[in-house]
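Input: structures, listed below.
What follows is chain A paired twice: with chain B in the first complex and chain C in the second.
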Partner chain A sequence: MSIIKVSDLTYCYGKGTPFEKVALDNVSFNIEKGEFVAIIGHTGSGKSTLVSHLNGLLRADSGVVELDGENIFNKGYDLRSVRFRVGLVFQYPEYQLFEETVYKDIAFGPKNMGLSDEEVRERVIWAAKALEIKAELLNKSPFELSGGQKRRVAIAGVIAMRPEVLVLDEPAAGLDPAGRDRVMRLITDYRDRTGSTVVIVSHSMETAARYADKVVVLNNGKLFMCGSPDEVFSRADEIEKIGLSLPPVTKLIHSLIKEGYDLPENIYTAHQAAEALLSLKSKGGER
Partner chain B sequence: MQETLIRCENVSFQYGEERDNLTALKNIDLEINRGEFVAILGHNGSGKSTLAKHFNAVLTPTNEGRVLVGGIDTKDEERVFEVRRQVGMVFQNPDNQIVATVVEEDVAFAPENLGVEPSEIRRRVDEALEAVGMSEYKKHAPHKLSGGQKQRVAIAGVLAMQSDCIVLDEPTAMLDPQGREQVISTIVKLAREQGKTVVLITHFMEEAALCDRVIVMNDGQILLDGTPKEVFSKRAELKSVGLSVPAVTELCAILNESGLDISPDIISEEECLKEVSRVLKG
Partner chain C sequence: MGDITIGQMYPASSAVHRLDPRFKIVFTIMFVVMLFTAGSALTVAVNAAFVLIAYTLAKIPLKMLVKTLRPVIPIVVFMLIFNVLFYSGETVLLKLWIFKITLEGLKSAVFMVFRIVLIVAGTSLLTYTTSSIELTDAIESLLSPLKKLKFPVHELAMMMTIALRFIPTLIEETQKIMSAQKARGADFESGNLIARVKALLPILIPLFISAIKRASELATAMESRCYHNGIGRTRLKTLKSGKNDIAALMVMTGLLALVVVLSMFNL
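Now for the complex of A and B:
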């Protein structure tokens, strides 16, 4: 069942001014309940504009965003409740930490939902645990933390609202390799444990290929492709034409396929590639 | 003859007195030669940015250690501008380092402050924008440029100072693949064709693989220092400090461990394709 349905979404920045720019042009796709969706596209393709519609931060010029079958842009629809049901984590969310303590920062969302102190407390502890934030950090100022810790606190602040849909814009950007893997692992664990729907915006094809059930590719504000990672990345040439690049090992395997080797197209990590090459080699490796 | 441009002697640095447990650098000894192209790797908090800030006297050692840039001690406050003229810095966030409302004025900002003649400024700005491939944008408003374009304008600003050395602190961290490609190819060109000394701090192993030398920081100390091939062949050690190796290096290493006759110190995609093709045919 679709939890979010986007139909014919069109949005224009600076409408009626000389700087008018169509950021989204008739975009339609569905997000199923519990699905892990990656939205990819180069800068200016409309990714961030699109996710800002998913919780009603931006109002479409035309088109519809349905949450559980109801158009959130309808007159009288309680947009405030959408903000709790669809949690949005912006790019570099650590710049938005503002409270005196980590605890208060994570508690900000649940408090605004009108929960009792007891419930807020329970949520904060649960969210901190889910993001591997140690209890002794909760009373520290968020500004004393490292970059990776701050990032996790910012994400905890959103999941503490227990949104049905968690939307993250570039959650791993700017982190070191171990930090990137950790944030992605925690998001995946969270999804597996709660059954929530997760939408990430990413420049990294590798991230999309590794974690997502569905990949949505945007180009110049239009929906360019939408499908499983295998479906999308099998069309490598088209993807490269719109300025996105494939993971290095995928490129390698595709070059080998062009040379005539019998290898699967859907390879994104070094481990997958090694496995495929070893199995080819054991079969004799002939073209 | 190799000439040392930056020399660190027993450099330690501690942030703030009240947080005395935070020693960011511990007795670093390091030399960077003129014309070298060096990458500095390390996980968040390993001290790599702190070290880089010592290269142009934004920070100075908190112990008796010293940093010499072209022979000048960075602790010598009288000569700090000479140091900064030699070593320019480019930071991570493209939006935090642009000061003017027109691209060419932004590039002219540093030489103007150095009191350079207007006709000379004109020449330097044009040259600098040419070198980073941004000449056609010289009359544009910087805030309307893409992240990769903004970073190239920031690099042009350093070039216009005629610095010998450019230190870039994660210049591509906030960029998309296209922007990253633009910035990296600009950096490679400056190092390879213009002979600039370049220090590139990065979290992207593929970028480090393009340099002549890779320094790995951990816990305020230098853990590894060598050519990309030497450093990336220490896969386990890198992983233990939260880093990784380029994906193609990882692939060749796994194949090598699985008994295939494949070189384990591959660092570029082309080399990898060649090696794998050879092994498949063999």
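Now for the complex of A and C:
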């Protein structure tokens, strides 16, 4: 059964003012339990608006978001409880840090859930460990940390609530390649260990191709495509038409296929490419 | 938060939008004088008519006017109650316990309400039809005689420009931080006063930090582009006044004179 079901979601910013802008237009898709979903689209395509609906921060003008089969916009549905079940990490989450110590900041979410001090403590330590935050950092002020550390602390603050669905808006934005890989590795590790559902917003096709089970492509607030990475990336022409580009390796392989080389289409990382090329070579593959 | 309209321009193409901002500032001051000279039903009506006509000329829908007035309602109600209950008048209409409701009190209450509503509506028109940049340019231009007295007019105008420029940015930032904390279960809506004030802390701290950071980044950016005070700076857009401005000035002066004369005769 789908854990989250989005149907006909429409949302408009600044309704009734001269600045009115449709951000989401009849978007529908499902997220299955345990799935890794990537939402991609270029700037202004409605990605961030969409994820703000998943935990009820924004209320749709029309349409439904179902969590475990229940519409979260129904009257009397406790939206606050949704926030604990669907953990949302915003873009540049390090700007939300405010407490005196890293420990207290990670504890903010669990405390709001009304857990006992003992449970809070256990969760903070668990979340810090999951994001490789050293124990000695826990008593430091979050403002003394480096950018990458702050980012991990902010993500830990959401993970500590142990949400069933973890939603991350551009978790790797603004980090150097090493920091980006580290954050992505920690997220996949977390998901492997807990089996929770993960939704990532990204404009990087590479991230989507590499980690996701399902890719949701948005364009101008409309659902453009939805399917497995293989399905989505096999329609390369359409994707490039809306201003997104395939991972460079995939492009290279695609042009090799056009040249007549017998290679698989679904190659998204340098590692996969190397393997495919090597096996082609060992087969003595010529065109 | 999204309902803050004060200080936000309403883009439209109208004669009022095109007026010289310096004149518009002068008109606003004249309007305030006119409103406070008005002490009778007739003169207040002249003011109200002026505001309505000005809004129509500026092509600003009445909906915007209602939106502007909404935050003022509590003040209006407060003033209304105070004037009705505590105004010491002669003609007693009703006596309730220690309070006396008098005709004079009612009159003064109604005048007060009209004044508040009109002053908010009238002065908002200035910001609805003038961008903040035009506004500060106009203030700088109007204050320029003070330069002779070594008053830092340009610096003052620059500070105002920057402050106005960052209001929307800060609102946006506040909304972002609020959402982020709400996503972690923060609750801003329930609880008593102390709990609510405490709940603001997770917003204020990140907001202050980012504002200070932004300020220092802006200072660096200005310095690296060799910004120095106003001496010898030229403008991309210079303010020009035309026939329309003079015509509007004549109308305004006429109206002000009318209201002053009418009130002199207690009409």
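Operating definition for what follows: the second predicted complex is superposed on the first by the 287 of 287 C-alpha atoms of A that agree within 3 Å, B and C clash if a C-alpha of one lies under 4 Å from a C-alpha of the other, contacts with A are read in each partner's own complex, and residues count from 1 in each chain.
The definition used in the following text is that a contact is a pair of C-beta atoms (placed from the backbone, for glycine too) under 8 Å apart; a residue touches a chain by one contact, two chains touch by 3 or more.
Given the structure is predicted, the values throughout are model-derived calculations rather than measurements.
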Chain B versus chain C as contact partner of A:K258, first or second or both or neither: neither
First (chain B), second (chain C), both or neither touched by A:G87: second
Contacts of A:L280 with chain B and chain C, given as first, second, both or neither: first
Which superposed partner A:K75 touches (first chain B, second chain C, both, neither): neither
Which superposed partner A:H42 touches (first chain B, second chain C, both, neither): first
First (chain B), second (chain C), both or neither touched by A:R193: neither
Intersection of chain A interface sets (partners chain B, chain C): none
Interface residues, chain A side, partner chain B - complex: 42-44, 92, 146-148, 173-179, 203, 206, 243-245, 247-249, 251-252, 255-256, 259, 261, 269-271, 273-274, 277-278, 280-281, 285
Contact set on chain A toward chain C in their complex: 14, 16, 18, 52, 55, 57, 80, 83-84, 87-90, 93, 95-98, 108-109, 112-113, 143, 157-158, 161
Chain A-touching residues of chain B, taken from the complex the two chains share: 42-45, 92, 146-147, 170, 173-179, 181, 203, 205-206, 242-244, 246-248, 250-251, 254-255, 258, 260, 269, 272-273, 276-277, 279-281
Interface residues, chain C side, partner chain A - complex: 2, 10-12, 63, 176-177, 179-187, 201-203, 205-206, 209-210
